[in-house]
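Before we start, here is the structure in question, set down as structure tokens.
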């Protein structure tokens, strides 16, 4: 793969509700921040990829509303419907094709404008599943239970993820839910859908973010702080929950394997300094860590309990506070990429982890992490 | 440097008013199986899947993950692209960039819609701004009707000129077994059909259709593995200029351009490919003409003639079968409109024309073809396809 | 219906719907409250190209700058283009069918450089022209919606 770098990043603050701002306003705020971060003008952006979802926005072709705000006037532009990691992947391909030197990728989400269970219910099959009232929370509860039963991962271990990530968020100025918690507090929070409790869940959020990607030669002219894409891949497993073993992480395995191979990584636990992954619910963090090959199958809970994934540990995971501390869906994956880029640059402020040379960002699409996208970013071209 | 990209497999369903015998995934699968068969491939040969439709026509969120059983995307990279009416061409461009990037050699592009499953006008209205557009918007028909009014005001074009286009498209469709409408229509029939939204009549509009289309895009590195002659992508471009449905009508006020998004996107791709005289250089065009007046205004915007020149050129038969550059030998959108598939079908029809496999609708000796997508608030996608491998990858 | 078709099941979504609560934003709210409280129109002016957008928005797409200067705009303007809708359809906002025919136009208000879509009080297309002058007619009861404008009335004679 030819060299491509992240040359600018921008995030809005993540809030429960940004009532004064429509989603185009959030997109403008994030895109402008990314341009400023890169020291670029909009004229230097060759093409634009927007990320949105018609259901979340409550309108067909919802990306229409942001054509002014994303700076795509008189540029080639397209829209990915899915997580921001997938949108950024398309932005990357458009550079690799040789057609463009730079791509602005932006994503937005206003969870405050809809009723999340009804939106995520619409992910499920209208004939066979929707009438059950199944949604992102209840389907994830099925997955959490399957995972816990299979490998003996405990609710306490999951609670530790909540404590760690909300605690990390105390040092992240964009996070929505910085909280000082104890395992007991998480354990005694009410069940939403057994085994998932309130403090195991990400919040509903408003936010937007943007990333500017550039080809190797353009990147070096734009910034001295380019963060290089070393490897990236994605993969989808089966749709019907009954067609998968919910504790299985085969699609994530596949995506990670490919991304590692592109990046020349043979021992992820040693070669990767920091991970930002999609922890919509606490159990996802240990499960995805297994899928990413940071430990053996079933060892994710123990890995969390060992403290290695804490900010001061050997493998800091979600030093930003993760999705648990703010989850504007779709934006969330792009934020994982941005957090990794900031860490590699050494610009993560109070939640900076020292000496991050290689970082992994991860995003998901579909029910129970049906599809996964894995990015490896590094400081060296 | 990017890879050069060819289409090496084509599949589509017969376009019908309703397909209650299949669900969405099964409809998609019909097109996918045909494309894979055409390309001499099996599911295991696919490196990635790009899929698109318009969510609210079927009410399915996350169609890319929902459709893996039908699309063949199980345990593969899948991606959903959605831009409204332009979705089909957007998907084609997405597949093009997947392959051109060098990351994937064989990519399946899928566009589909089951318009029979919802109220199309209602779903289209929800495309527009809930505060500024939606309370008073009457769907695509009225939006297009205002374009027609302004176009007739600015030129000498008449409702009869538009009716000529509607008749031409329906006549062409008689040669296309995949088309939804097979009806013999006269100009008098169109003129006598009831007004839906003045000056647009029933006979001027596209139907609502169920259908799917699938194409295989392949890298220059593997193109020799396929049984069919490769159809090379020469260039792609798009412009989605506006955010509000009211904005495009401004262009009539300023009088600077007919259809700026279409002018800008076509000029972008013509410049890259080296097109200076579209009427002379293109052998065939498959254009997203959602209604008859588009067949006039869009020909001008695409540079086939001067502003206001389309009625005369059209009625002289330049865009008929046997004319200088036949437009929509397939019968086009006015004969079949499964919205998410429609743009991709334009690309598929160009591929068949270039391969010489278009049956009774074949235009002789096609070397260069033009495909377009239309949607959003007057957005435009443009693709140029050709028989010859481009000298270099050029996007 | 053939026997075969009779056996094909469809599932009605019925009342299944996703309700939304959209944000008008700061400028949109200003525009709507002015309509509601004062029967007045406001736009926003681009500091770079000078274009006045109605309704106000935050960003000028072509210039890519943030818009901040709210300016008053007239309730009168001219028809840029128009149609007369004569096909019935269920409006997804209300779930009911709006009576047809009705006139519908793109209107450029005096002092604005963009167009606003709204109803006009004429259903004979022959009696409407591009360039015709129109004037906003307000509802008695106003709620802070674009429908606080009942329609635009053709200034006849």
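Lettered A, B and C in written order, each chain numbered from 1.
Throughout what follows, a contact is a pair of C-beta atoms (placed from the backbone, for glycine too) under 8 Å apart; a residue touches a chain by one contact, two chains touch by 3 or more.
Just so we're clear, the structure is a prediction, and the values are computed from it rather than from any experiment.
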Distance-maximising chain from subunit A - centres being C-alpha averages: C
Identity of the most central chain, Cα criterion: B
Interchain centroid distance [CA atoms averaged], subunit B/subunit C, Å: 29
Separation of mean Cα positions, subunit C and subunit A [Å, integer]: 37
Subunit A and subunit B, separation of their C-alpha mean positions in angstrom: 34
Residues of subunit B engaged with two or more neighbouring chains: 59, 123, 126, 130, 241-243
Residues within subunit C bordering two or more other chains: 13, 16, 20, 22, 24, 28, 57, 61
Shared-contact residues (touching 2 or more other chains) in subunit A: 24, 55, 58, 67-69, 73-74, 119, 122, 126-127
For the subunit C and subunit A complex, residues of the former touching the latter: 11, 13, 16-26, 28, 57-62, 64, 66
Subunit A-touching residues of subunit B, taken from the complex the two chains share: 1-3, 23, 54-57, 59-69, 73-84, 90, 93-94, 96-98, 100-103, 123-124, 126-130, 237-243, 264, 268, 375-377, 393-395
Parts of subunit B lying in touch with subunit C, wherever the complex brings them together: 20-21, 59, 119, 121-123, 125-126, 130-139, 141-142, 145-150, 153, 194-200, 241-247, 249-250, 252-253
Subunit B-facing residues of subunit C, complex: 5, 8, 10, 13, 16, 20, 22, 24, 28, 32, 55, 57, 61, 80-87, 89-93, 104-106, 108, 113-119, 125, 130, 145-147
Subunit C-touching residues of subunit A, taken from the complex the two chains share: 18-25, 28, 32, 42, 55, 58, 67-69, 71, 73-74, 110, 112-115, 118-119, 122, 126-127, 130
